[in-house]
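Dropping a structure here in structure tokens format, bear with me for questions.
Letters A, B, C and D name the chains as they come in the text, with residue numbers starting at 1 for each one.
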Amino acid sequence: MIFQVQPIESRRIALEGERWSSDPAIDVRGYTDLYGNPCVRAVLQAGRSSFSYDAVAMCPDATEDVDEEAPECLPDALPDATLLYILPSRYCLPDVLGNEAWSRFGGMAPGYRRVQAICQHVHDHLTFQYGSTNAWTTAADVNMSRLGVCRDFTQLAISFCRALNIPARYVFGYLPDLDVPVDPNPMDFAAWMEVWLGDRWWTFDPRNNIPRKGRVVIGRGRDASDVAMATTFGGPYLETMVVRSEEELGS
Amino acid sequence: MIFQVQPIESRRIALEGERWSSDPAIDVRGYTDLYGNPCVRAVLQAGRSSFSYDAVAMCPDATEDVDEEAPECLPDALPDATLLYILPSRYCLPDVLGNEAWSRFGGMAPGYRRVQAICQHVHDHLTFQYGSTNAWTTAADVNMSRLGVCRDFTQLAISFCRALNIPARYVFGYLPDLDVPVDPNPMDFAAWMEVWLGDRWWTFDPRNNIPRKGRVVIGRGRDASDVAMATTFGGPYLETMVVRSEEELGS
Amino acid sequence: MIFQVQPIESRRIALEGERWSSDPAIDVRGYTDLYGNPCVRAVLQAGRSSFSYDAVAMCPDATEDVDEEAPECLPDALPDATLLYILPSRYCLPDVLGNEAWSRFGGMAPGYRRVQAICQHVHDHLTFQYGSTNAWTTAADVNMSRLGVCRDFTQLAISFCRALNIPARYVFGYLPDLDVPVDPNPMDFAAWMEVWLGDRWWTFDPRNNIPRKGRVVIGRGRDASDVAMATTFGGPYLETMVVRSEEELGS
Amino acid sequence: MIFQVQPIESRRIALEGERWSSDPAIDVRGYTDLYGNPCVRAVLQAGRSSFSYDAVAMCPDATEDVDEEAPECLPDALPDATLLYILPSRYCLPDVLGNEAWSRFGGMAPGYRRVQAICQHVHDHLTFQYGSTNAWTTAADVNMSRLGVCRDFTQLAISFCRALNIPARYVFGYLPDLDVPVDPNPMDFAAWMEVWLGDRWWTFDPRNNIPRKGRVVIGRGRDASDVAMATTFGGPYLETMVVRSEEELGS
């Protein structure tokens, strides 16, 4: 198995008290994938296994940065490392959705507000519904069916950005409901996107579409196929999975 | 524009006499993409531009290595860096073609010969036809239409390998017709694949399906979307493109 | 609007006490579509409308006929009118699923039992889940996602039959839960299929996969696109729809 | 085999000197399909067969009717028999292309000129290229790839019409190059469409996009899947097919 559950430590996020536990004991071996994400590999023994990861992530007491004046870069000004994020990928299809992207957003002034308009459109165009999409569902499918989960909202917005030559990458992580309870369902992993404007990546979340505190990034990639929570070989059966992400106050 | 035309220097390939020329003069700026491929960026001026790249590549006087005893790795034995190459990507769809991969090749003994069987099947199943596929055509489409170019042969074989958890990556380069004239059409860029078996990558070419001398790699990636010869912004019109790849004897 | 809600009267089904009611009063105009199905057209006024159709359908007290010895026809022996039902249609894709159909079922002895094997396979391969498919979902999509509703079970089985040159048509109707409660959800319209074997159409139901009493056919066609319960123009909003199908005892 | 090669006789087209010939002699049996098209069925013997159909079709010396004032019908005014031709079918996807249809043509005044605008757009958007599409290619695929043959031009224009609730059906027939040589390639079967406006079907040809003399209809249907020149069972190999359609002067 390969797990992607560890937060990425950064200037904004420090980890404490990381703890892997498993029953029966399973050795995990860490590595970093091509995108720089922390991953672990493990071999499960035959029979039932349980596996857990715990940590305290120290986050800033602030929502993500916003700068409505941040400009888009002309293609020649894009840093080399961002160019990958304007290409199509398994689920993000700027090539298929290009006509629509240009007809909807091509006439708007470039910059941060255009990306906001993309997020607003996706937020309004899609309805959140568990079970409405599956492992084959692309951004183009979701654009037609108008149903999806956070993964799908994100991938559709990414597709529109890339079609306009705005680098956009898929982000996957923990997003606790702090003072903004959005979802009646139990906490799950969340997906949002980062978009290159000016000289840095900015966080946008077309699913929730409001600034949020407590985003803890696990992985970044071209789309959901790059950052699976668990990749399995040999067909093990997943009995249950629980993701808990809660505020630890007073610390 | 972004160009990927420079061969990758390696233990097998040395370059001499590299020369970029352009009219009007265009500055090129080199960089290396996420996969380690050499790329250059350039800004064309308004109006007509011509652009060329020349080099002499010193190749071994030998066809690619073959070892019919090379084993497949169990998933846990795969090096970290190979894991990316069992995932689906824009055009290679092991998720869609998985049932067919397992029903055709799942019962065969793992190893080099199984990959040969995949190549033989793809070689026989598809017919080469210029113009039969386009920029939206996936390996699943080609599997139905049974028509494609070297790009499509390669992406279908890659999809089958990945479905079986065999890492496979897309390779794009020059492949001169030395003593083995295969194609009546003028030389074009060629595509083939590399597959991880044992402790290294091996070259397979489901299009030609015979060992060849003179493979000169330009780029490697997950599929054709990662290694485009030219990526353009702003919609320039391509008047003509000529690729010449000839043996320079006596040197 | 166009409604398809009236049962087709036949040797097996007689109707009594048919009653259309609407508020405000709406004129309906009946016609018969290309497949011979009874349809009605109506123009709703601006504002809220309610519309209902009631009838008592007299059904035989017997499950559908079964004859495990019924033979498949060679193509030349198929009646002219059945030939339409081996072609692909919007959602039934024998052309896409042909390879799989032949590899799974091509080796079996032709006849009724082969169609049973198709139904059994579809029944086992798919899991029933409300909301898992949408108006763009084809039989090929469902074959991958393995989730669907009765519509999808039926269209996948139809696709496999057609790929084997067995005429199969889509049937849409009422199917009360008499003594066989299958579904905890409130009654909905149901879909099943009819397959031409020997000299007649036979009923198969890959969703329930057991003989049932009380099938009342509303329409038949190539797939679900031909027999919509309601087709609307001008985008009216559907507030609620209730389908009730209950046994009227003692009569 | 099923052949659709006989012209439909009508007020405009009379046939003379119809002659089937085959070697070895093959019995043909005529029937009329669900759409009213003449078809024949035949059983080929093992071994090589040749088969031909000849006739003289008397056509008016006039191009198809044009009436730029012909109105679109409101949905309620559409005749019952035209309603089938606003639904999606195997290759014509008004459901997938609906957003684009409404954004491109939704703001235009309804009527004949709007259908002309659709034809003009399709004519300009696509480039004719033999071999660029295959038996799985839908109107949505062609809209992206921008390459196709007359079949594809027609199916894309039909999809846009249907999305706007304008009934449109696929027509397949002979279209000799009389005084308007359009195509350097040998004559093939041709495809165009008929659209319901006012109180009748009108001919539109998005491929040629100019009025033509000598259209001889063989079949009409929802799309190309309904009107195949030849449908075969048992996998016979087609060695050659020649379609000749020439003007017979002086008669």
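As a working rule, a contact is a pair of C-beta atoms (placed from the backbone, for glycine too) under 8 Å apart; a residue touches a chain by one contact, two chains touch by 3 or more.
Because the structure is a prediction, the values reported are computed rather than measured.
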Supply the minimal count of touching-chain steps required to go from subunit B to subunit D.
1
Other chains in touch with both subunit A and subunit D
B, C
Could you let me know which interface, C-D or B-C, is made of more C-beta pairs in contact?
C-D
Using mean Cα positions as chain centres, tell me which chain lies farthest from subunit D.
A
How big is the gap, in whole Å, between where the Cα atoms of subunit A centre and where those of subunit C centre?
41
Just curious, how far off is subunit C from subunit B if you go by their C-alpha centres, in Å?
47
Could you grab the centroid distance between subunit C and subunit D? Build each centroid from C-alpha atoms only and quote it in angstrom.
30
Going by the contact rule already set, what residues in subunit A reach two or more other chains?
95-96, 135-136, 144
Line, ring, star, complete or other: which describes how these chains touch one another?
complete
Contact residues on subunit A for subunit B in the complex?
2, 31-35, 39, 41, 43, 75-76, 80-81, 83-84, 87-90, 95-96, 135-136, 165, 225-226, 231, 233-234
Per the contact definition, I'd like the list of subunit B residues that touch subunit D in the complex.
129, 131-132, 134-136, 141, 144-145, 147
What residues of subunit B sit close enough to touch subunit C in their complex?
95-96, 99-100, 103, 144
